[in-house]
Amino acid sequence: MIRRLFTPLTLFLMMLFLIGPFLIIVAASFSAGETLAFPPQGFSFRWIIKVFTIESFRQSFGVSMFLAIGGTLAALILGIPASYAMSRYRLPFAETVRFLVSMPIIVPGIIVGLALLRYFVIPVGMSVTLALFVAHTALILPYAVRVVSASLANLRADIEEAAVILGSSRLGAFFRVVLPNIRGGILSAFILGFVTSFNQVPVSLFLSGPGVRTLPIDMLGYMENVFDPSIAALSSLLAFLSIGIVFAAERFLGFSRYV
Amino acid sequence: MFQNRAEGLALALPAALFAALVFLVPVVLLLSEGFRNADQWTLSAYVDFFSQPLNRTVFLRTLKLSALVTLVAAVIGYAAAYAIVSLPPGAKGRMVGLVVLPLMISPVARTYAWIVILGRTGIINQALQAIGLTDEPIRILFSETAIFIGLLQLFLPLMIISLISALENLPRDVVPAARVLGAGWLSVFWKIILPLTKEGLVIGGTLVFTGSMTAYITPAILGGSKVLMLETLLYQQVTVSNNFVAASVIAFILIVMSFAANILLKRIASARRSGK
Amino acid sequence: MSDQTYLSLENLSLAYGKTTAVKDLNLTIRKGELLALLGPSGCGKTTTMRAIAGLMNPVGGKIVLDGRDITHVPANKREIGLVFQSYALFPHLTVFENVAFGLRMKGVQGNELRQKVEAGLKSVGLLSFAERKATDLSGGQQQRVSLARSMVVQPKLLMLDEPLSNLDARLRLDMRSELQRLQKETGMTMIFVTHDQVEALALADKIVVMRNGAIEQIGTPEDIYNRPATDFVADFVGFENIFKLRDGKLIADGKEFALGAECPNAPGLAWRPGMVTLGEGPFSGTVLGVSFAGNIRGYVLDTPLGPIRAEVDAARPAYTLGEQVAFDLPVASAAPLHRVG
């Protein structure tokens, strides 16, 4: 009897703990009341609507979008050639390169942000936006390299040689036969990078200036001062955005194969 | 065709240079600050740091909470992972999806939910008062308990996922074989499952421990300004006291602890192997 | 078939980093010839092909094709076809697009492209598979796609790396005759790599036996089969009894043995098992092993010369284990070796 109940009971409790709080947030965002509470007082869209009217959220959403998209693209532009070099050539310093590009995953983000603030923003006058961009790129780089390397490892190196023998240039061979075969990996790396960057807090903590802060940082600031359901509403919206993207990616790309 | 090493290096160079320049150099500079004092190498910053009771408390609290979260996550993780891998394939896939799902949601949102649950007027307090266990709302928020719960919820999926892949790689039928040979469930776990999945446990454990050690959002939201962990302390040192040296010390501690946790867990795993 | 040299490798040396894979290779091929590179695994066959194709830069020597020094011509300008051992089909493209790839690189388009691709697919019997994903086909079919892909661009030289070794026994025979047919039909100059002497003997006009990155012997299949130049080649083509020769005497076990007849002036002699005469002769040995193989019976004899392998007609009465048997190594049938050790 106990054994038969073990599986469903364990799973139910686990899901309650993992997903339950999120469902409460979703419910709270449809509250009609003035303060954050559960069960919600009434039902309305007022907080969902309000989120869109808060100017600072609109601004920081833009910043976060820019960082997530731009940072991921930059990480891919750096990471794809590096992954390619590491998987196809016998590099003299392969381990050093691998270590360098994967380091940002090992070192806590808050330290990266602080180091950039201390040595680039303050003394050199690097703009906060650029510092954020650089920090997010560095943060995503390990993911980009890992995912792209995994897809390259699954692709035979000799198809490129075959393309060259058939008359294609080296660069042409890369675009004609390598890229189409690692496209899924690259898109997966993009999504992983996007979500990672978008949800990232510690790296961005010290990097905020007038009008420039990421959305999660903005939310942290807002919730310290205001105790209304708009953070809940925004959280729900963002969560559904992330889940939607990942779900679509899984559907069309088989995202989880690459991650 | 891929013989030309210079070509390969040239392709890898931008990423390596970028990481070195914007990452390695400033981080190393920052860390070195904690070891320097007016052009001299010294450990005095570390002595200072640990001589203050508050810092010691925060350091020990961070260690304690991270270890506790890792331990509890491992226990729950085994139960959950075992339950999941014993599901039929379709259900298993969906369940894994549900476990991964929270990882896609912003940790700010995930942590924020606990305010609604653990707050003075939150669900727990309402329930406690409703059944008459307490008259006054009890204080759960801004405590170690709240941080513990928040961290556990944040990082449990990482442990479960690591253990699922370890359990899936378990050789077929070893568990039934052990049962047939008369082993009880506890000894099956201790003698068969644990030794065969320890790699997964080490991976999951490292992720959970370092994640908890270096979490900022959870202690910031659920610990408030009083119950600090190392990351929130670091933030305070910089923003309130403008003390970069202390920040550097904390940063170094965080990095060392992360590496140490990984090495320690690996040690434990291999010790179990050699000690049978 | 013209008598002129079409491809020549002159003192070609190839290396991976510091390890030399091929040293001072000299080789010529005439137009329309089918040449086999034969040798055990790791002797440098693939490496040689890759260098000819331009996938690897030689550390020394030169490659001349059709009167032009192509040593430093990039691979995509050489007009040489190579069928990879792994086939190396493009996984994201259909069979049609795989075969069309090289033609598109040459700027062939539209109807002409379609016709050429279809003709290529037809010649390997895969026209009905044109729209399939290339990597969904079976191994043998993939190989033929790869062959068609290399042939439709009409390369000056077509090379095939172990074209038969990944196929099962029946397919291997099919492919063998298919290759012969295609070569006859197109008159294309071909090099194919194999580690199987039977394949090389059956297919090639000329065989190059390689060992440790160097050429051991070049010759027609008859040369190689009947007149191996070295003990290595002799062993490779089935001469199982190989001896050094000094002053007209066999050397075995550090001792000298006189043969029944006068010896040729060569450093070594080799006999196939079938060349050994059993039942009479100056030597004798004990039967160590007997094996029946249909029309023949094989023996291993323990003799003062070391183990001797012999084969005789199975219709003859069999010797039993432990029996003393007289035997001879007839000088007349022996293959004289030019180099031993």
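Letters A, B and C name the chains as they come in the text, with residue numbers starting at 1 for each one.
Assume a residue touches a chain if its C-beta (ideal position, glycine included) is under 8 Å from a C-beta of that chain, and two chains touch if they have at least 3 such contacts.
If you're wondering where the values come from, they're calculated on a predicted model, not measured in any experiment.
More contacting C-beta pairs: A-C or A-B?
A-B
Nearest chain to the global Cα centroid?
The most central chain here turns out to be A.
Quick one: report the Å distance separating chain B from chain C, using the average Cα coordinate of each chain.
Here the centre of chain C sits 60 Å away from the centre of chain B.
Taking the mean of the CA coordinates per chain, how far is chain A from chain B in Å?
Each chain reduced to its C-alpha mean, chain A and chain B end up 19 Å apart.
Using CA atom averages as chain centres, what separation in Å is found between chain A and chain C?
Here the centre of chain C sits 55 Å away from the centre of chain A.
Touching at least two other chains at once: which residues of chain C meet that condition?
Each of 55, 75 in chain C touches at least two other chains.
Which residues of chain A are in contact with two or more other chains?
In chain A, residues 90, 161, 164, 170 touch at least two other chains, as defined above.
Where in chain B do residues touch two or more other chains at once?
Counting only residues that touch two or more other chains, chain B contributes 1.
Can you list the residues on chain A that touch chain C in the complex?
Within the complex, chain A contacts chain C at residues 90, 155-156, 158-159, 161-170, 176-177, 180-181.
Where on chain B does chain A make contact in their complex?
For this pair, the touching residues of chain B are 1-2, 4-5, 7-12, 14-16, 18-20, 22-27, 29-30, 76, 79-80, 82-84, 86-87, 95, 97-102, 104-110, 112-117, 121-123, 152-153, 156-157, 160, 213-214, 216-217, 220-221, 231, 234-235, 238, 244, 247, 251, 254-255, 258-259.
Can you check the complex and tell me which residues of chain C touch chain B?
Chain C reaches chain B through residues 16, 55-57, 75.
Which of the residues in chain B end up touching chain C in this complex?
Checking each residue of chain B against chain C gives 1, 3.
What does chain C use to touch chain A in their complex?
Contacts found on chain C: 17, 53-55, 74-78, 80-82, 84, 86, 88-92, 101-102, 105-106, 149-150, 153.
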